[in-house]
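Provided herewith is a single structure, encoded as structure tokens, for subsequent inquiry.
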Amino acid sequence: MSTTDTPTLVDQPPAAQGFETMTYREALRLAMREEMVRDERVFVMGEEVGVFDGAYKVTAGLLAQFGPDRVRDTPISEEGFVGAGVGAAMLGERPIVEIMTINFLLVAIDQVVNHAAKIGAMFGGEARCPLVIRTPNGAGNQLTAQHSQSFEGWFAATPGLKVLAPATPADAKGLLKAAIRDDDPVLVVENLAIYKERGEVPLDPEYVTPIGLAAVAREGRDVTLVAHSYATVRALHVAERLERDHGISAEVVDLRSLRPLDVETVAESVSKTGRAVCIEEGWPSYGVTAEIAARIQHACFDDLDAPVERVGMAEVPMPYAKELENAALPNEDRIEAAVLSTLGRGQ
Amino acid sequence: MAIATSTLRELYEQMLLIRVFETEAERQYKAARIGGYCHLSSGQEAATVGAMHALDDADLLVTGYRCHGFALARGVPADEVMAELFGRVGGCAHGRGGSMHLMDVSRGYYGGWGIVAGQLPIATGLALGLVRQGRSQAVLCELGDGAINMGAWHESLNLAAVWQLPVVFLIMNNEYGMGTSVERASAVTQLYRRAAAYDLPAERIDGDDLIAVAQAAATMLAAAREERRAGVLELVTYRHRGHSVADAGLAYRTRGEIDEHLAHDPIFRVRGLLAEEGVSDADLDAMLASVEAQVEASVQAALDSPPPAVGTLATGMYAPGSASQFARMLPGAPFGERELVFAGGLGE
Amino acid sequence: MSTTDTPTLVDQPPAAQGFETMTYREALRLAMREEMVRDERVFVMGEEVGVFDGAYKVTAGLLAQFGPDRVRDTPISEEGFVGAGVGAAMLGERPIVEIMTINFLLVAIDQVVNHAAKIGAMFGGEARCPLVIRTPNGAGNQLTAQHSQSFEGWFAATPGLKVLAPATPADAKGLLKAAIRDDDPVLVVENLAIYKERGEVPLDPEYVTPIGLAAVAREGRDVTLVAHSYATVRALHVAERLERDHGISAEVVDLRSLRPLDVETVAESVSKTGRAVCIEEGWPSYGVTAEIAARIQHACFDDLDAPVERVGMAEVPMPYAKELENAALPNEDRIEAAVLSTLGRGQ
Amino acid sequence: MAIATSTLRELYEQMLLIRVFETEAERQYKAARIGGYCHLSSGQEAATVGAMHALDDADLLVTGYRCHGFALARGVPADEVMAELFGRVGGCAHGRGGSMHLMDVSRGYYGGWGIVAGQLPIATGLALGLVRQGRSQAVLCELGDGAINMGAWHESLNLAAVWQLPVVFLIMNNEYGMGTSVERASAVTQLYRRAAAYDLPAERIDGDDLIAVAQAAATMLAAAREERRAGVLELVTYRHRGHSVADAGLAYRTRGEIDEHLAHDPIFRVRGLLAEEGVSDADLDAMLASVEAQVEASVQAALDSPPPAVGTLATGMYAPGSASQFARMLPGAPFGERELVFAGGLGE
């Protein structure tokens, strides 16, 4: 694979207008394609991103459009190619590294946490690391213990990193573009089940979602559901059920960004509703919802009418059998039950 | 090593069993009775069965996720393997592991692992355990051609060499890691050459030659058992089907390349050997029929086995007695933990 | 290094009586020596644990006493030898793997989280992993960004693992022995600054501290300080200062175990005092104190008189200069200020 | 390669500077003006200076934590290196990095890293960056004999080879990783042999022979620049002092072994060469005197430089403009974040 000839900058296409309904997967692809056209420093690297069109087809077609220098298949060497992304970024390149699933990021976490996250501070700002790592988390396909995890909270715990977790196709485009344009290392957490979700996506190539801003995905009065990524999709479904079956008006806050974390938007909502249920795909103990609950109890101490509840994956290594997996997932029944109990309408 | 006809018959039957089983597994996957990732080993039967033939009952086995064939060749009943793919309590992993995490401790099979190359350090540790216990067995550790580019390969081989551990690393070189050919992934394409970085004995042979595989594996395992000498055995074979059942397997290789390999199917080769030794076609066809019946029965057995009860969600996670250690963790626990985990067999 | 001849079981020495004042480091060493005498399946493995007598001298003298088969120096290959510990443990051996500092555990975290933690569940209990990993966390010696971290919360977040963090020499002995005798993978978190702390240690070889039991390290009425490891030492000093300088009676709860977490003891204390300040050596956001605060607000909702406060390392990669490091540490001044503010006596 | 006497003088002065600097650093550490870990490179001067002589100004450098010598040989002023060890704003890393994390981006020195072998993937990435930018420079990546047993070595070398990246891996084989000899740590003790696992050119030479080092490094760096061919250069040298200032360095090696090496001090060897070329003793002594004056001055410069202000605690952590992204993170923030981090130069 020859990489000597660096491609010449492609002309900007005329800014497309309006919206188009597409999947979350397609929105991610659109974001990458637009940014690769806009900035030739941007390139994609990872296992099977090229010839195979992506293990989950997120990068499908990019190799054909941009060639092997900008869509680089790697050996199975996460530590090596994540680190290669760090080094290339230090030189001003803008790598987008795809990790097939977040479970495999553990073999490369040293490069992310002990290296990428430290560069800005260790170099006093003289060197930066504009690296993007994209990877899906989550369970739900009987992928079993080693392939059903969600570690984004560990990266959100690391000063020097930024962690984004879009829940809609529009944010998938807007946040991934924000990550690519950002000058710091950013982990963009996707989700296996969310790839097929559909929604309206702005076609404007300048559509970028600001980092550090949560969204009120649904307005409500009685309780606030706080979630990110696929848990937000679950929360919205539950909110509908609550309205329909119980006349409960639930507000849904979609965090969108875990570091920076928009506590203001969460606090505003909970101060209004007085009740909060935090939801995540991963294990809640020492997880993302722990931080959210800790922030809420601090910021909304006088406004809380009930303790903050948390729902996540049952705290076991995920077993294979469908019956067990279904029980372990933060499914809509479990979320609904948590909401009812925080409203004193428990079983 | 001359292999008696009777033995060759057995090995042939094992190869047939794997092929028929994998074919049925794909059918059942498409019928949505099997979930998760499902990696078939059709085409790799000679490499699998030949290596397993050289493994003693008391030896230990560790593999990656493409493990149906290894489990069957190790003697795990087809019923238990199929039940595992169906996620039933009758499965060899009690329905908790699925296709990637087959295991059978009673047969020295320590899994079925899903993180590429993650099984290598563990196999090295099993060998260390054997040594500390003064046992004379060896560990056979399967990995793929793609796995060799992980850092775990390097650290494990260096430890096995420096500590003189009885472990043989079996590289199933099926020419691709998902859609990436060995040429695109590895700076040396003759993977066995990497053993030189650890001064370990290594060999690369035709993995579709059943007898050659059995001989090479026997030699290396003997050195591991008797001289505590680790080794690397590269078996050059081919994956007939896609990476997993979800992959058509055509985006990164040509139809012609596949047909080329199908024409030299390792199963035909062994059938040819048996024919030469006078085994009749009728006899050979009967073997196939009995294997097919066996696989058909395994599907029924799987269907007859119940799924695990939700109350067993946490079973095995912690050792007996742990429940009392966790008893004081209940207050403020996340929603559902009380019912699902604390009441779900945690450390009982 | 020949390891073929397995040592023969040494006779039990007559149970020693009484107490002896020793350092935390010596207590750890005593625990290992006692368990190695008691059970020949126990062996120590890690970088520089033998000939060098340990990078921080915790294993000093063990090689001389037990030989190279039971005190095994390793190459610099954390992923490899942690995994070797996992495999040996699956065969019934009882490895104690020393990781020089917790920062280096990141290169081996895949073996701990994706492998060791999964074994009991994946094998339905047919195989177990009685592995102990010992490693110090913490900052304070100008070790800078890559060597001043505390990741224990990430392991405490992992079902299948147990995580202990002794704060006294007595617990260093008792909890390490409990970890060695436990049939599950246990991470024992030590701390660089705590190694030299002195205290009374029971000499009885059967002295074992139960797992999952927090300790009230100091009784008090006005506020509860919740901490683990070296943060507990800080908390006790601050409690003295509060008593002396402000007449404030602070109770100190030493968690001792992070998974399992003894929420009952914490909740009892906070229900009594009505106020809590949680302290850790690491970064608090998405850290250990997040989980503690989340549990407290849930378990003590009606008894809390003020929001739960948290203090930890300032959320930056630790800089080298002493002046910056001192400011970033969860020092006694910052802890005291947090207590005063939660008591409404803040600046 | 013939080295002009004038050049040899310069290199000799660099070697002297490193030796005198390290000796002073140890003194200052014991006087508690330097904290953290402090790893000296006394004894490794020929390897360091020889390799750096072959590195062009436009090339890039990455090292581990034993980096004082590399920084000095790269031309970072002794004042700035000493000030860094003292933790002062005048330091080459602004007092934020200390002994292990020296750096000077203006001189293409991308650090000073503390996780063993963690710098290898980064160096590989810098080389990838050079290629993508169509630049013709090379990256020199230092690592120790102990670091070669980390998985990151394997993955980095394979990537460098498969992708044809211009990076030279410089193994400073000083015979020990802390207290562990190469024999106890590595299955092959001639470390350069491991390059064969990637079909990369490799050489092992006497690292205390300044000219041989310069020649070998020049050849490999040229191949990297001109043919995009990665390479491995093993320099056999010796660490005169302990692993760090805290280590006496006698628990794992004999006094005799150390004396043996001291007798063949690389600095004496170069002094001998210069003498042969007619440089007078007076001249050579004068060089030493001027270097000593330079180091003495560096201590004063360090003392004269102020420590960083606490208000800069978060400086550089995030890129300019990030403060607004974090503005809404304040409510319920842990105690002290408001003053220390949010007001501490976060992304301004």
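Every chain is named by a letter (A, B, C and D) in the order it is written, and numbering of its residues begins at 1.
One rule holds in what follows: a residue touches a chain if its C-beta (ideal position, glycine included) is under 8 Å from a C-beta of that chain, and two chains touch if they have at least 3 such contacts.
Every value quoted in this text rests on a predicted model; they were computed, and no experiment measured them.
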item: Centroid-based (C-alpha) most distant chain relative to subunit B; value: D
item: Contact-richer chain pair (by C-beta pairs counted) among A-D and C-D; value: A-D
item: Chain centre separation (subunit B, subunit C; CA means) in Å; value: 38
item: Subunit A and subunit C: spacing of chain centres that average the CA atoms, whole Å; value: 32
item: Multi-partner residues of subunit D (at least 2 other chains); value: 93, 96-97, 101, 113, 115, 118, 149-152, 155, 158, 162, 184-186, 314, 317, 332-333, 341
item: Subunit C residues counted as touching two or more neighbouring chains; value: 1, 75, 77, 79-80, 103, 107, 110, 114-115, 121-122, 144-146, 159-160, 261, 285, 289, 294, 297-299, 307, 309-310, 315-317, 319
item: Parts of subunit C lying in touch with subunit D, wherever the complex brings them together; value: 1, 47-48, 51-53, 55, 73, 75-77, 79-80, 103-104, 107, 141-147, 277, 284-285, 289, 307, 309-312, 314-317, 319-324, 327-328, 334, 337-338, 341
item: In the complex with subunit A, residue positions of subunit B that touch it; value: 35-37, 84, 87-88, 93, 95-98, 100-101, 113-118, 146-147, 149-152, 177-180, 184-186, 251-252, 307-308, 310, 312-314, 317, 332-337, 340-341, 344
item: Touch list for subunit D against partner subunit A, complex; value: 93-94, 96-97, 101, 103, 105, 110-111, 113, 115, 118, 120-134, 151-152, 155-156, 158-159, 162-164, 228, 314-322, 324-333, 341
item: Complex contacts: residues of subunit C adjacent to subunit B; value: 1, 3-6, 41, 43, 69, 74-75, 77, 79-93, 95, 110-111, 114-115, 120-128, 130, 159-160, 162, 182-184, 210-214, 257, 260-265, 267, 294-299
item: Residues of subunit D touching subunit B in the complex; value: 149-155, 157-158, 161-162, 184-188, 193-194, 196-200
